[in-house]
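What follows are several structures.
First chain A sits with chain B, and in the next complex the same chain sits with chain C.
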Partner chain A sequence: MAAATATTASPLQRAQARLAYWLVAPATLLILLIYIVPIAMVIAASLTDYTLVSDYFEFVGLDNYRRMATDDQFGNALHNTFVFAAMFLPAAFVVSLVLAIAIQERKQFRSILEVLYFLPVTSTLAAMALVWAALLDSRQGVINSAIAALGLPPLNFLGSQDLVLFSLALISLWSTIGFNMVLFLAGLTAIPKNLYEAAAIDGADHPLDRFFKVTWPMLGPTAMFVAITTSITAFKLFDVVAIVTRGGPDKASEVYLYLAFLEGFEYFNMGYSAALSLVFLLLILVFAIIQAVVVDRRVHY
Partner chain B sequence: MAKLSLNRICKSFGKTTILKDISLDIEDGEFVSLVGQSGCGKSTLLRVIAGLETPDSGEIRIDGARVNDAAPKHRNIAMVFQDYALYPHMSVAENMGMPLIMARLPLHARLPLLRHLAPAHARERPGIQRDVAEVARKLRIEHLLDRRPAQLSGGQRQRVALGRALVRDPKIFLMDEPLSNLDAKLRVQVRREISELHASSGLTFVYVTHDQVEAMTMSSRVALMQGGTILQMGAPNTLYGNPDTVDVARFIGSPEINILPGTLENGVVRCGEIALPVAPAGGGGLRSGPVQVGVRPEHMVLETVPELAYPARAGRGLSLTFRKRMIEDLGGEVLVHGHLNGHPEHDVRIRAQKSEAYGSGGSLSQARDWEVRVNPAHILLFDAGGMRLRAEPVLADTHAEPAALQGGLRKKLDLV
Partner chain C sequence: MPVTPLLQDGPSRPARFDLSALWRAIRPRSPGAVIVTALLLLGAWIMVFPFIWMVSSSLKPTNEVFDPVFTIIPKTFAGLGNYYSVLFDQPYPRFLLNSLIVCVGILVVQLVTAIPAAYALAKLKFRGSTILFGTVVASLTIPINVTSIPLYIGIVKAGLLDTHVAMMFPFFISVFAIFLFRQFFRTFPDSIIQAARIDGFSEMEIVLRLILPSAVPAIAAFSVFSFVAHWNDLYWPLIVVQSQDKMTATLSMMQYQQEFYTDYGKTFASATVVTAPMVVAFLLARRHFIRGITMTGVKG
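Up next, the complex of A and B:
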């Protein structure tokens, strides 16, 4: 009986179903073209030894993935990426949170400060990276002149293997904190004011109490979002490296995506580059899953 | 033991003046309601008492000590907010324990991580839990202690907010429209519970509401506010029966008092069919001019079946003719809308028992013209500016001839 009713849908229902397919068709097509097909092609390419210089390629199975385990460059790039993230992430989180709280409590100049801190986000990082390269230059850079004026030895920000990741973190920080700060400001604005008033009456009027009893717990969803997006930004580091250091000096700033780029477009190892990209995709996926699971369970009340 | 006194409090936000020179004394154990329409400054006044707002000028004293510069936590007050302001990330027990943790633990024992190193932390917690459990038992919410506010109903949240306020043993209890988020049935129940809480605790309560019914039913005294000033403060019955201004008369009492335009000439108030000789109460003279005549809807008596009702009603009264427009059925009572005869602008509402309005025949709602009786003692007179005219109706004694009354009034003022 149930099967009979399912198959004998009324003409109206069938017409509606047809219309529904037509309506979702454009979006489906776009998603297929932009996401699904390219990902499938990358997966396919990662299983071959396809190079840009030759039309001939062979199916090599998981060879490209096996190569990663033994590839020093892969290890170096992972190491550089995590060192960069370890410097960049906490700073991008804490500095923008502190800035947001400081600006939130201001009555005057609040919007001017917001705009000032947000400006770097609106600029083209590729162009600004060149400006930073000039500022950080070891001989003519303004920053080194300032250091010299203090009577200290000049620092080779971009040319020293020990300093280059720190300098890149600094540039990335400059371009990110404005964005994070605006996110935190939105989160702070959404905290009901009367919670602070209730806290004041309950005796929690010390700034530390206010922060730990009200601000921080109420900021949970925002903080989680900022942490996830900032992590992804950290692992996505590419443009500044490509423009300012080109992975140097001596591969000290060769980060993960820059390695994938080198393998694909400098050494033409498209197969290996595709495999690297897929591993990166999985890494990002892990963060996305953490966000979906943890945020929903722990941070919303 | 807490006596609260405010002396000449002023407060403005930018160019908007919210509180204008407010002085107020609240005795120990009193239940005082601040009542008024939204924007009258009642909430701001409560926040000034709580210490959440600093007054521009004036003095706040609790038990004689000036507390203007004291932080809220040092004023020994508790406050229940309109939307409760419970911490959504904490359980009910943690919410209620918050004031105790703040009062009993030093800063380093309250901070995350660091607190696990603090011996005070471990020593004080059992006591805090015990005190929270005791208050929870009193409020019958001990089964909710592990829940989060989001898992509670409106009435339960209300109770948790009360619990958080009670647990710290305050001297003064401040409440900012605590019932406005509850449904009508629950509101009546919680209203009674708050009254009982006041009676059993003996604390001083200051209660802000826009609902005159809440103010009238719960308070020992009511302060009616308007435009940043206190219009009148007194026992609920004083505000109802003896209002100082027409605004007080309008605000207190539901449905609203009927206000009719009239004139006062040579000691006689004239308003439509009414012509009532009056004498100034407590001596002095009465100035002639326009007046406002106020009669509460419940003080107008419908004479649906005059022949029957007449002997049953004791006392004298003004008899007026009334043209009905519509009847609102309130269940046990009805509200009859219409106007006094010949004066369509003399719009009045009359509250009556249903049996009175429909009479024994049950057909009287069909009638358009009714007779209405008013006891002159219930008439409130206000001058054109809205100030109360202290005047008493001059009545001939019970057996005097209607000749004591003037002109056309003679046939209208019944003496029984």
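Up next, the complex of A and C:
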């Protein structure tokens, strides 16, 4: 299809090609300015000690990347991000899947439940983060009142180094399960009913049997998709940290993107921040490649 | 023997006010199903509770917000004062207007640049189309967080820091929109386009009068996604906005980091004002929202 040859092109084809160039010109120019040139500049900047404060800079080779290996902040941010993801990812996956299955079987309340669970997805997380900060307040928050009512000691959700990532995972869970649930619901709806009937004839009557024999295998591509998008969401954690914890207490919630942001736009270490951004891009690319490879294979089975 | 309509099974005796029909509609099928439904409703209550708490607190005086016992209805109604000071003592109308300008500006340019490009990529033959489409797909994986440094430096050098243009520029092209619309346009039958050409339609007329109307669902879904994403964006405004004059509604939430513990009622009144537009729009157009926002998954 792409084998249009220029030599034997008819007048109509040539007119079409000319028009096509006009149609893609604005988009192409913007892609150059917004993606291609900046990516080239990030790569170049990551090899310098550029600081924006002064226009003088030197090429430092791979020093910025070497610095990461020994930088405690980098190690800390990476560690925090992975600890956060380890709590957030399984919960965001399992809770939304269970919710989707439970909601799909409802005859009543189905659409109202869908709407209520999805509501946090559209809301402005920056504003809702303030609300969560108040709900999770160590002394006066509603959640600690409930904990106290059970006769347990109060928890310092956002002020304790041990709990802050857990609390961020909780808030992120709240803001994403509706999204994942809707994706799972779409996947569940696409499973043909007769598969369940066939499984029932084969003796798979128990709900767990039905789940492992029919639902789970058929849900493969959706599940993969949810896992990938949720992973990327986990690594992009930023808003709640910027609004509520500012990386604290004592850097216990300084996650990867927040560190890259601080290095670039608070300390103006543009070179180092550029290197951090590129490592971040590599991380995202790993997920994109897994998605491309696995999902494509699954789809063709 | 009087039988209450609620216990009737089946239509044997038509109940007054047709309660039995209502009962049949909402009748639980098994004890297990009742428990699951109850748990789901409890979960939904937890999901919605932060919103209820926020609105309720926005109507309370500061000293009541953290009362040991939370009541939804304020004991002392301070809503008027809280909202008055949010809307008039602080430039909230300005913040909302900035958000609106930025979201609309971004969306319009995205549609105007993506639709023609997507049509060309889907239906026209030209040299370089494969490279261009490959670039679009590759760019899909690059988030703003990766390119923010050079974009920021470029904006500083151009003297555009703290302007609406700076707030919109990185989003003027949506490679996601090009990708999405191209997939959509490809399904449009070539035979109809050929017939239109024979009838003397110019390519421009074909795009505007045939392709565009057929793409309305995709355009609507993308518009919702784009609008919500940029309304809620904190990252980029945080980088390029410096003055209160250019602050978006979402960015304005940063002001409460310091004064968070000074005026609760007002804090949550502003949180309500900032969240309300997206929540209300969602409740009014639920299907479009769910479609539009879950589409982002494609971004991978």
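To be clear about the criterion, the second predicted complex is superposed on the first by the 277 of 301 C-alpha atoms of A that agree within 3 Å, B and C clash if a C-alpha of one lies under 4 Å from a C-alpha of the other, contacts with A are read in each partner's own complex, and residues count from 1 in each chain.
Note that contacts are C-beta pairs under 8 Å (C-beta built on N, C-alpha and C of every residue); 3 or more make two chains touch, one makes a residue touch a chain.
In this text, all values refer to a predicted model and were calculated from it rather than measured experimentally.
For the composite obtained by overlaying on chain A, chain B and chain C can both be accommodated side by side without a clash. Contact with chain C, but none with chain B, is seen for A:Thr124 once the two complexes are overlaid on the shared chain.
Looking at the shared chain after the overlay, A:Ala91 reaches neither chain B nor chain C. Once the two complexes are overlaid on the shared chain, A:Val83 sits clear of chain B and of chain C alike.
By the touch criterion defined above, A:Ile191 lies against neither chain B nor chain C after alignment on the C-alpha atoms of chain A. When the two complexes are overlaid on their common chain A, residue A:Ala204 makes contact with chain B while staying clear of chain C.
Set against each other, chain B and chain C differ in how many residues of chain A they touch, and the higher count belongs to C. Shared-chain residue A:Lys213: touches chain B; no touch with chain C.
Smallest inter-chain Cα distance, chain B versus chain C, after superposition on the shared chain: 10 Å.
Within the complex formed with chain B, the chain A residues making contact are 192, 194-195, 197-206, 208-209, 212-214, 217-218, 220, 301. Contact residues on chain A toward chain C in their complex (touch as defined above): 1-2, 4, 6, 13, 16-17, 19-24, 26-28, 30-31, 34-39, 41-42, 45, 52, 99, 102-103, 105-109, 112-135, 137, 140-142, 145, 174, 178-179, 182-183, 186, 225-226, 228-229, 232, 236, 238-239, 242-244, 246, 257, 260-261, 264-265, 270, 273-274, 277-278, 280-281, 284-285, 287-288, 291.
Residues 25-26, 29, 33, 36-37, 39-41, 43-44, 47-48, 50-51, 53-54, 57, 65-66, 68-70, 112-114, 116-117, 119-121, 124-127, 129-130, 132, 135-136, 139-143, 145-154, 156, 169-170, 172-173, 175, 178, 203, 228, 231-232, 234-235, 238-239, 249-251, 253-254, 256-257, 260, 264, 267-268, 270-272, 274-275, 278-279, 281-283, 286, 289-290, 293-294, 296-297, 299-300 of chain C are the ones touching chain A in the complex.
On chain B, the positions that touch chain A within their shared complex are 50-52, 71-73, 77-79, 81, 83, 85-90, 98-99, 102-103, 107, 110-112, 148-150, 164, 168.
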